[in-house]
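Read from first to last, the chains carry the letters A, B, C and D; within each, the first residue is number 1.
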Amino acid sequence: MSKRMITVDLNGEATTREVEDRTLLVHFIREDAGLKGTHIGCDTTSCGACTVLLDGRAIKSCTMFAVQADGKQVETIEGVAKDGALHPLQEGFWEKHGLQCGYCTPGMILSAKHLLEKNPDPTEDEIRWGISGNLCRCTGYNKIVEAIQYAAKKSKAQDEEAAE
Amino acid sequence: MTHLDDRFEHHSDKPDGVSAEVATTDEVRIRTPSKICGMGHRMKRKEDPRFIQGQGRYVDDVVLPGMLYLDIVRSPYAHAKIKSIDASEALATPGVVAVITGKDLEAAGGLHWMPTLMSDTQMVLPTEKVVYYAQEVAAVVATSRYAAADGIEKVFVDYEPLDPVVDPFEAMKDETIVRDDKEKKTNHIWHWEAGDKTATDQVFGDAAQVVRQKMYIPRIHVASIETCGMVAHMDKVTGKLLVYMTSQAPHAHRTVFALVSGLPEQKIQVISPDIGGGFGGKVPVYPGYVCTIVASIVTCKPIKWIEDRSENLQADSFARDYHIDAEMALDAGGKITGLRVETLSDCGAADAAANPSKFPAGMYSICTGSYDIQAAHVAVDGVYTTKPPGGVAYRCSFRVTEAVHMIERMASIAAHERGEDPADFRLRNFIRSDQFPYRSPTGWQYDSGNYKAALQKAMDMIGYHELRREQAEKRAKVELMGIGISSFTEVVGAGPSKDYDILGIKMFDSAEIRIHPTGKAIARFGTKSQGQGHETTYAQILAEELGLPAEDIQVEEGDTDTAPYGLGTYASRSTPTAGAAGAMAARKIKAKAKKIAAHLLEVGEDDLEWNVDRFQVKGAPDKSKTIQDIAFAAYTNHPQGMEAGLEAVDYYDPPNLTFPFGSYIAVVDIDAGTGEVKVRRFVAIDDCGNIINPMIVEGQIHGGLTQGLAPALFEEIVYDENGQNLTGTLADYLVPTAVESPKWETGHTVTPSPHHPLGAKGVGESPTVGAPPAIANAVVDALWHLGVRHLDIPITPEKVWAALRGARA
Amino acid sequence: MKIDGTHTFDAPRHAVWEALLDPEVLASVMPGCEKLERTGENAYHGTLKIKVGPVQGLFDGKVRLADLEAPKGYTMKVDGRGATGFVRADSTVKLEATSDAQTEMVYTADAKVGGRIASVGQRLLDSSAKAIIKQSLEGLNRVVKARASAETGATETDGEASTPVPAVEAPTQADFAKAVAKEVAADLIPKPYRIPLVLGVIVIITLILWYFLG
Amino acid sequence: MIPGAFTYHSPRTLEEAMALLGNLGDDAKILAGGQSLIPAMRFRLAMPEHLIDLGGLDGLAYVREDAGFLRIGAMTREADLEAATVVQQRYSLLADTAHVIADPLVRNLATVGGNLAHADPANDHPATMLAYAAEVEARSPTGSRTIKIDDFFTGLFENALEPGEILTEIRIPAPQPGAGGAYRKLERKVGDYAVSAAAVQLRVQGGRVSAARIGLTNVSPVPLRATGAEQAILGQAITDDCLAAAARAASEECDPSPDLRGSVAYKRDITGVMVRRAIEKAAARAGGAS
């Protein structure tokens, strides 16, 4: 069985581990690096529970091998809040009740994060299409959409403040 | 054969004295300031900070030192004899520690069989034959997830294929017997009836019109985003079995494990940590759990088993699978006089439904729904097929979805056949609000309701008559648009324990409250949240009752070593049972608090009155003691002869179930070219009595609506003629995304339950129950004028296309 | 899954008939067929590596011919098994001489496919089966044509007909059969674990009896 | 679901990749975006002994117009194709397609080259590239060659690449004045393969269709060009009759398999509907509307 050392920038920390070539990125994150916030919900790239940001892009970490992420940046839910302050999306999900069981939430938040970076002021339709790679079984999506709208508004306000 | 009437007599003279008509309002009652945040406040959830930061802890997050991993070899055949199992290559695979087969479990004392919740038996691992596709055949234990996965590929099983039994009607002919382990060589499991057959046949004899329709409620899967799993650790030193599992009912599971494994119950600790959605799928005991426990007993090491999605979809308990033949009798004025229903329940290879044990078809006999019907009779037969066992909820109270779909489809068909508006038809036939408490012809005692108010509100909100006008114009332009109504009645909150038990364990539930000297509290419950937000709503209930800020109350569930015994969370029973237990325990505390307050204020108890968060002297409100003052005194200055401390436990056994209801209206547009159905608008008016947290109730309703949309248009477990599952992944089992799911519009009326301490009713499942017929009715409403009378769910584009073709031809 | 079709061979009927009974020929024309040998009267055993794009399945198969009516046709039972699932097929093959030099084959098959390959690859089964049959029959035609024109084309068609994939040793039915249930049960759990299991469980028996009877 | 063991190779140059492919032969599979291959590997339906990851190669991810062609590097991620201004402004058929491939997360990894080379009739790019009369560049140690898209798809999951060849670029002829295109796809839900889909690229001159190519998705074992439907509109003004004729032709010339997405009859009929709608939209765009 073929193994190798890889180094992944995980939420800003260089994380070096020896992995089997076939190790899925999601297992590297959860088991080798011990970050349990990234979840697994399917085998067919259908549910998005394992969504992380790879060099800033939202991808499904169950459909990528850890060795492919060697030398790349990976952001997981554990890295979203910066210096103790919740990200506007985390606030939004809490304020607007964008979660129930919480299992799809990390993936949803990271998909939404990438979405808002590409499109800071999305319409409801753009939000729904933007998170269509993530399944939620609890919320019926209404309040997830509201949570993302809240975050978009909040981020905009923050940027304007920063501009002044 | 069981007659519900016998079992419900005690309700007619209920001690809690059901009031006559209960007033309906639109108002959410708020009696506490926001700093206390009792009932009615839109309190942000206390559990959320951990979830939004990736700090939730689910079963797969549990890691114990020296933990081994278990994976399962599954059958590629729906029905086959096992000639031999060769595990030698598997055992030679790097990392593989052990392989467990049915023979081993048999040698281990008959552990190859286990009881189901319906007191049937189900194989853990087979010794003779497999009876469904993807059935567990052997378990491989290895040092890693990856090694275990390699191991199962190397267990070679020699099968001799047998004829599958896929169609339940064929199964009833007993040509091939699924369960030849049983004495009676038949696939027929049980026959169950409710209502009065003679009286019903009578009204059908006198009927001016009889409407008949066969319909199929498909086999579906809860597909919670977290699959099932377990970490079991048999500590050989202490002899204690620690089990982390995805359980909606940890206490009941501990008891079952104790009974089956023979381990003393105090030596088993079941912890149900954060659960990634349950919806009924995490109520049953699955073979994988038993294998994991046995593997830990055998190896004395922690063992982790986590299902793959394809295993979850193909082998875990399904929901529904009812074949219904319904007849409705009407008089000349369009009043429903009778309902006659025959149903075949495809149970799969074991009766592993999650129903109260006296109710093989659950609460299916609620099928007269929201209508005042003179006579009704329901007969259901259960049958074995070579498909996975099940019959769990999928976010609905026991078999209520099937009943509601049937009656709401029948009501709309009857209205269309009479050429009248389905809304008018319903308004005429509703149980009137002055008829509550209402005794249904199948023996249920509805606690309270106001069906007219809910439907009226839904019609106003969606602009019903305007939509009908639009539909008429569209029809002129040959565009297909439909409007569908569903005015459902749910029945949730089992007990009462006189009638409701699971494996003999009565369906009460429990709460235990401890108030600390500084006026903070911890409360533990016998239920287990899987996303419902108990940590918040229970805290709000206690805040309402005790005046302690909800923030100051820590709610815990799911650890059988610390929480009081309860039957768990499913069938919308948490608020009706455990929520009530919380209120009752709080009232016990309040009674003691009053004594302490009287002592502190040096007045008699009768001179005191409760005011939000304090006892105050009548007429002298400035003389008062807050609950915090009283809590401190309970440990520092309590009256002589009184026990110190301030805590209470309550095991609540509800006098009756609660009957939430609602009216939903769906508007659909149909693409005549492709048959696609688009839900343009959907208005849901729900009445769950007094509301504890409106934000959480809305969230529950939104989620339930999407899980109602799913089986209406998308989801179905499909088997081919050989019993091969064709929808074994989320690529083919179509869970709706944010794109398919419409923007739900919700509202409420409030008709309190007269017997619940808080006037509340369950709500989590109402929308899953009510939504499918609203959508199906809307589709048929769009096509009726073309001669389309009925479409079975899921209403796929091809079904609509075929119906349109049939109409054109 | 029902498959039927016709195929015209550029060879007289008897030539086609002989080819159809010759395992070497069949092995050479079936894509991915790694081995096909006669194991008895009208009984064959072989391994087939089915490859559809990235998807592969190694099947260990038994083929049984019946109702032989030389040179008109026969019925065939196929029972193939592999790690990814199984294939069972009942098929009939009929040969009709359309001329001295041409033969039309009419075939029908009712195939049952199960296991992972069916639950995941469902959308591909029909077209895969058709593709494999088509390749086989075209390969066969090349052979009989070559034979008819009195050349030995079998080996030469070999390469082009079968997809070149490395042989992996497949567990054979014989391997399966070796294990006798009793021994298996004993062998499956490594020795050190067997004692605690047996002990730990005697207690359990009694309690289970108590549970079900009591 | 855990994939079987394999050896991973991450060449830094195309030459290195081709050398590896040459040495390892059929034991090796190319890993591009991996969004089809990795799920197949997780179910162990695919068990390659070696994976050659093209992710580390520079210069294979680009979308640019140049010398009368839109040039798309084989390793271009679908999301980047979708976002490319030139695609949104001048290649509506491609823009339509890019938006409905799988889901947004999959598109962040999936590559255009992988989508084509996989030669899955259910993938969306094959039909689109057929409609565009695209060509692909194949590189091998001995040099490079251009393969016309009409010659590229040779069988179910089979393409015209020789062993050792790697697809490096896709070229789409730049649209001429009066050209328009559209992709219409019926899917059961977001992320699903098409029940049926039609890709249409046409040119309208003097009110008549002067050129038209139509590709169909997931209604044949091999990505299919609907030449019958093309003939039905060539030289015609877009009228209801010629749309009906094109739809009829497409329904007849497609060869769908029955599966959970629908019966053969349904798929044939829907294929007609998709073709009709795609033509209407393409024609509207050709006429300047969007």
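The definition used in the following text is that a contact is a pair of C-beta atoms (placed from the backbone, for glycine too) under 8 Å apart; a residue touches a chain by one contact, two chains touch by 3 or more.
Just so it is clear, the structure is predicted and the values come from calculations on it, not from any experiment.
Fewest steps needed to get from subunit A to subunit C, stepping only to touching chains, is 2. When the interfaces B-D and B-C are ranked by C-beta pairs in contact, the top one is B-C. Closest chain to the protein centre (all Cα atoms averaged), using per-chain Cα means: B. Distance between subunit B and subunit C, defined via averaged C-alpha coordinates, is recorded as 45 Å.
Between subunit A and subunit D, the centres computed from C-alpha atoms are 29 Å apart.
Note on chain placement: the centre of subunit A and the centre of subunit B lie 30 Å apart, centres being C-alpha means. Residue positions of subunit B touching 2 or more other chains: 145-146, 153, 308-310, 726-727, 729, 731-732, 737, 739.
The set of subunit A residues that touch two or more partner chains comprises 1, 20, 22, 43-44, 46, 129, 131-134.
Contact of a single residue of subunit C with at least two other chains is seen at positions 83, 116, 120, 122. Because contacts link the chains in a way that matches no line, ring, star or complete pattern, their graph is best described as other. Remark: subunit D residues 1-2, 4-5, 43-44, 103, 186, 188-192, 195, 260, 262-263, 266, 269-270, 273, 277 touch subunit B in the complex. Against subunit A, the residues of subunit D that register as touching in their complex are 1-8, 10, 31, 34-35, 38-39, 42-43, 51, 53, 55, 79, 83, 102-106, 108-109, 190-191.
Listing the residues of subunit A that touch subunit D in their complex gives 1-2, 4, 20-22, 24, 43-46, 48, 51, 54, 57-60, 62-65, 67-68, 70, 111, 114-115, 118, 129-134. Those residues of subunit B that touch subunit D in the shared complex are 145-146, 149-150, 153, 308-310, 673-674, 676, 714, 718, 726-727, 731-732, 734, 736-737, 739-740, 796-798, 801-802. Note for the complex: subunit B touches subunit C at residues 76-78, 83-89, 91, 97-101, 103-104, 107-111, 115, 133-134, 138, 153, 156-158, 161, 259-262, 297-300, 310, 314, 720, 722, 724-729, 732.
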